[in-house]
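Here come two complexes built around chain A, the first alongside chain B, the second alongside chain C.
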Partner chain A sequence: MKETPISTIERNFVTQAVKHNLRLDGRKNDEFRKITINFGADWGSALVALGETKVLAQVSCELGVPKATRPNEGIIHINVELGQMAAPHFESGRNSELNVQICRTLERTFKDSRCVDLESLCVTTEERVWMLRIDLNVLNHEGNLIDCCSVAALSALLHFKRPDVSIIDNDVHIHSPAEKEPIPMVLHHYPVCASYCLFDDGRLAIADPSVLEERVADSALVFGLNSFRELCCLNLGGTTLTSSNLLLQCATRAARRAKFVVDYVKEVLELDKLAREEDRNSGFTECVRLNKITALAENRLSLRLRNFKLQGTDDLKDETAMETSGDEEVESEEEDGTEKPQKIVSIDSKSAILESNQSNIKWVPDDDGVESNIESICSENVTEEGDESERSLSQQIEKQMQKHSKKESKRALSKKHLHDDAGSDSEEEAKVIL
Partner chain B sequence: MVTQTENVSIDPRGDFSSEDLKLRPINCELNPLTRSDASALFTQGDTCVLTSMLGPVEVKSQNLNIEKAHVECIYRPKAGIPTIEDKLRENVIRDTCESALLTVLHPRTTISIQIQELDNRCGIEACAINGACLALLIGGVPMKFTIAAVHCIVDKDDKVVLDPDHCKAIGKRASFIFVFDSLEKNLVTVHTSGRFRMAQFNDAECMSRAASQIIFNFYRRIISNFHNKSLLTADTKVRNTEAETVVKSEPMDV
Partner chain C sequence: MTEIVLPGDRISAAEELAKLKKVILGPGLRRENEQVVVCKAGRLNYKEPNAYWIDSYQQRYVPVRGDAVIGVVTAKAGDIFRVDIGAHEQASLSYLAFESATKKNRPDVNPGDVLYGRLIVASRDLEPELVCVNSIGKKGKLGVLTDGFVMNCSLNLARMILRENCPLLRSLTKEMPYEIAVGLNGRIWLKAKSLRETIALGNAILAAENASNEEMSKICENIGNILFT
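And then the complex of A and B:
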């Protein structure tokens, strides 16, 4: 099947709305969707949902021969699968441009940043090493696959345990989990990706784009960062080259986001570990039983009122999650019902309290949101963080940009004008930093 | 969508004690995905699959059939590239679903079924067929009948075990998958592997046929809940809860 084209009206609507700091799903410009992680029964399997985008990651390993150039290091292979399940226009078994792009960005984030201790994967030098394979099966494509994939890969890597081996008479014996406790992975730092889309000739950036925003945007900006605010990968795609100022602002925000995500991953892993220690059932079956997987569907709210935000009352949610009777239907099935609030209780000049038809959801006036919505991303100050980390991050970006422009210059002459643009931009940026 | 653990309530044959006719708890969640036409997350015990369907949609020219719809099935293992075993599963599922679908109603189209393995703890094929059937039911493609797959093994003590978990299945001598239709309870598919005696096969078939009713009851309840709910979503909450109680108090007939 072919991908449905976007009409000009749709395109104009989205770009105009973004200029007014409005997004179709009611998020703020720098707001990411909610992220949820579920672990499977096997070691190293994780189902990550970023809003409605869903990715299943599975890490597996086998013994193999190391590369001749690096005889004492293990090998990591990352594979991204975009099947028809993700979106009707994808075809399984064929490497699309998107597939290659995601794969390469993840390779740069995880392999080139050397976050996995490859030497610990060595069994015997030059003969046998562990070959890790990270399979990322995209289940649902609702925009920003790269972020979702990176979080899935990271949580699966952290969850994975490889079997222990012992060498008896030059023969490698792999122990089953019952014989010897499997060994967890060693990671030096935890990188994740955060992406932005640029609109309005590169003057506006929005975080965590949806499918429509991704397709309409002028260019995409992907940062691979770890929780120490170190840049692992930077990818600039599309037509517009951004101003350095916006780039730095986005980088600072992305670094904050990376820290948040990594902390969340650690928290969830800890919970999973506790559950396994107490010998409670774990795995996807348990998540379905506790209504965890649809609970993350967030009631399929595709439109949100500007000055209101949805607030689920937590205690009620827990109650419904524990119930396992048949009448607990999937909230996601109700498409129109939940989106329309039932009645307006009071109307102010700026706000009103709305009651939704679901007991566990309340509409509450979004007080702080009103101001920040008006504020443009460009006019905001970014000097909230410490100066030193700021500078180090900007230097890293500068390096990446220069590397990028060097690469550009090596390319064919036909692209020379492009290179000039890139070159001048990085120079300009250097001035700003100095 | 969360449902109760389903146990067989009536024993249709005298030869089996009710303990024999016990399937692992079945659970499912409908439409967890947004991009496909219909999807279902189906779990049976600790085995878990995600199925989605598309169709009837545009067909590739090499698959075009002017008399009926082309049915395709894609099975994705959790790790690694699909193996020969996975391809075999794919074919079994495709043929089974094709026999249940009224493909003549949609000539020159494709109906495509995608299956993603989430947790494999024995009986993944049966789980995948049941999940695919649910996805096809919500997807609204016309079907002759619904299908229910039951997994059975001959264990190491030469005993026939219905729907075992992975601990019981260690050292199994043979495994069967029986698929039945909902109308006459006729066999739609049989897939066997290993060595067994004919008597064991007959035993396994009888047990599976009786147990398939549990799955058909489950379908009925899930689908009626699903459609009742979606009809009433625009209505007030009061009516919604009223309808719920009606659904709940409905007696379960076997």
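And then the complex of A and C:
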């Protein structure tokens, strides 16, 4: 089936509305949609909903032969499935442009930033390593697939545990979970993506675009960031000119968003762990029973005023609360977590109208598609504190912009400071106060 | 009295009535020899004196002759326009099917335009065909729609708004002035004084989908309060 064509009046309406600081679904320009994460009964399966966009992620592993160039490192493969279930105009089985773009962005965010400790996946050098496969199945497409996929991939990776192995007489024996406790993944840092769409010749940015906004926008801007404000991936596609000022402000906001999302993922993981320790039922069936997974994540109105509340929503919530009398604690905690984004956003009442007042800004034209992808892995020293880290982020981006204008090599090789283990995360985060 | 029916059910009341006079079968009902069989799940409706039909929730539009629909022009192909009306196939619209259009005086319609037209051909084997004039060659309320916004909704909502006894639009007029065109293909064109009012209007209409008549006026008041405070 063909995608429904977009009419001129819709296009005009959306661009006009964005210019007047209005969004069709009542969000503020820099407001993201609500994110919910549910874990399956198996290790490494997660269902993530960003508004109505839904992605199901499953991590699996098998033993394989490593690459000759990297004999002691495991292999990660990311696969994104865009079927007709996501949107009727997607064709499954054929690699569309969007599919490749999402896949590549995720690869840059997760593989090229070296967030997974690949050496820990090695069983015997040059012979056997674990090959991880992250399958992302898009269940519903309502805009901003990249963000949703990245969160799904991250939470599935963090949730995943691989079976333990022992080598007896050059023979690898894989232990079942009953024999030996499965081993969790080692992640050095937790990257997620945050997308923006640019309007009005690159003078306005809106966060977390819906389908209509995505299609109308001049260009899309995707940041891959981890909770330490390090840039893992930056993708700028489209045709508009972008001021460096706007780019920096978006990056700062995206970093804040990344930190929030990562904190939320950790929180949900913690809850899941708790539930498993207490031998409570977990998994999707339980979520469905508790009304946590529903066909529509929220009472959705495609057009919506900011303060509008659909009557009866409150009653519905009460009902679900009553049904889940056994898990009241978990429920309430979860709700707290989901409320957070609104709080964070409301603190910052300034919306994302970011006019560039500098006339001498060097505009970076997006002349050709290949070069428009500013591609880089950047990780500077992260032990810096507060404002310094902010400056380092801006340096990273400026560096990339220069690189781009000079059309030099695509990879910026910068100092790498990778953490030895994920355990030091909490310490580091305490230092980097945003 | 409403009755829920499932595909395969027989409507004996209609069969009985058919013995006395002509019976009209609406959407969801089919005649097989002397039997009236349901082919869609939903609520059975009856209207005096002789009409039966089934109300069901549906998003996909199936063209029906005589329906007023909203479409998006996708291409100009020779002397016809291709119009997307959300059906299985694009509809065609002749350039002569506009008021006072002649071979020399072509209407100004471009790809991307939204228009309000009426279906004159809708058969399962033929391409649907639209016109933008009524039977006496006047445009009436049909034609190209400018400005405003087009939103999608379920077919039921579109039908509900157009029902004579629906209080929704009447109570909305108390809150703000607006223009509206409702296509039976589940598309609604809205235009109010400002962008915010247009969004408010759409919000009220979408929120009224499952509301009773009293709730509708409450929603409209609520929208008015949010809009002008």
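Of note:
Everything below uses one rule, namely that the second predicted complex is superposed on the first by the 321 of 434 C-alpha atoms of A that agree within 3 Å, B and C clash if a C-alpha of one lies under 4 Å from a C-alpha of the other, contacts with A are read in each partner's own complex, and residues count from 1 in each chain.
As a convention for this text, contacts are C-beta pairs under 8 Å (C-beta built on N, C-alpha and C of every residue); 3 or more make two chains touch, one makes a residue touch a chain.
On a predicted model such as this, the values are computed, not experimentally measured, just so you know.
By the touch criterion defined above, A:Asn245 lies against neither chain B nor chain C after alignment on the C-alpha atoms of chain A. By the touch criterion stated above, A:Ile9 is placed in contact with chain C alone, chain B being left untouched.
Once the two complexes are overlaid on the shared chain, A:Ser166 sits clear of chain B and of chain C alike.
When the two complexes are overlaid, the chain among chain B and chain C that reaches more residues of chain A is B. Touch criterion met: A:Glu142 reaches chain B, while chain C stays clear of it. Of the two partner chains placed by the overlay, only chain B lies in contact with A:Leu56; chain C stays clear of it.
When the shared chain is aligned, chain B comes close enough to touch A:Asp42, but chain C does not. If you check the complex, the residues on chain B that touch chain A are 1-4, 27-36, 39, 41, 43, 45-48, 50, 52, 54, 57-58, 74, 76, 78-80, 112, 114, 116, 118-119, 121, 221, 225-226, 229-230, 233-237, 240, 244, 247-248. Of all the residues in chain A, the ones that touch chain C in their complex are 4-13, 16-17, 20, 22, 24, 26, 301-308, 310-311. Of all residues in chain A, only 1-2, 40-42, 45, 47, 52, 54, 56, 58-60, 81, 83-88, 92, 133, 135, 137, 139-142, 281, 283-285, 288-291, 293-294, 297, 300, 323-330, 332-338, 342, 357-359 touch chain B in the complex they form.
Here chain C touches chain A in the complex through residues 72, 74, 84, 86, 110, 112-114, 145-152, 195-196, 198-200, 202-203, 206-207, 211, 215, 218-219, 222-223, 226-227, going by the rule given at the top.
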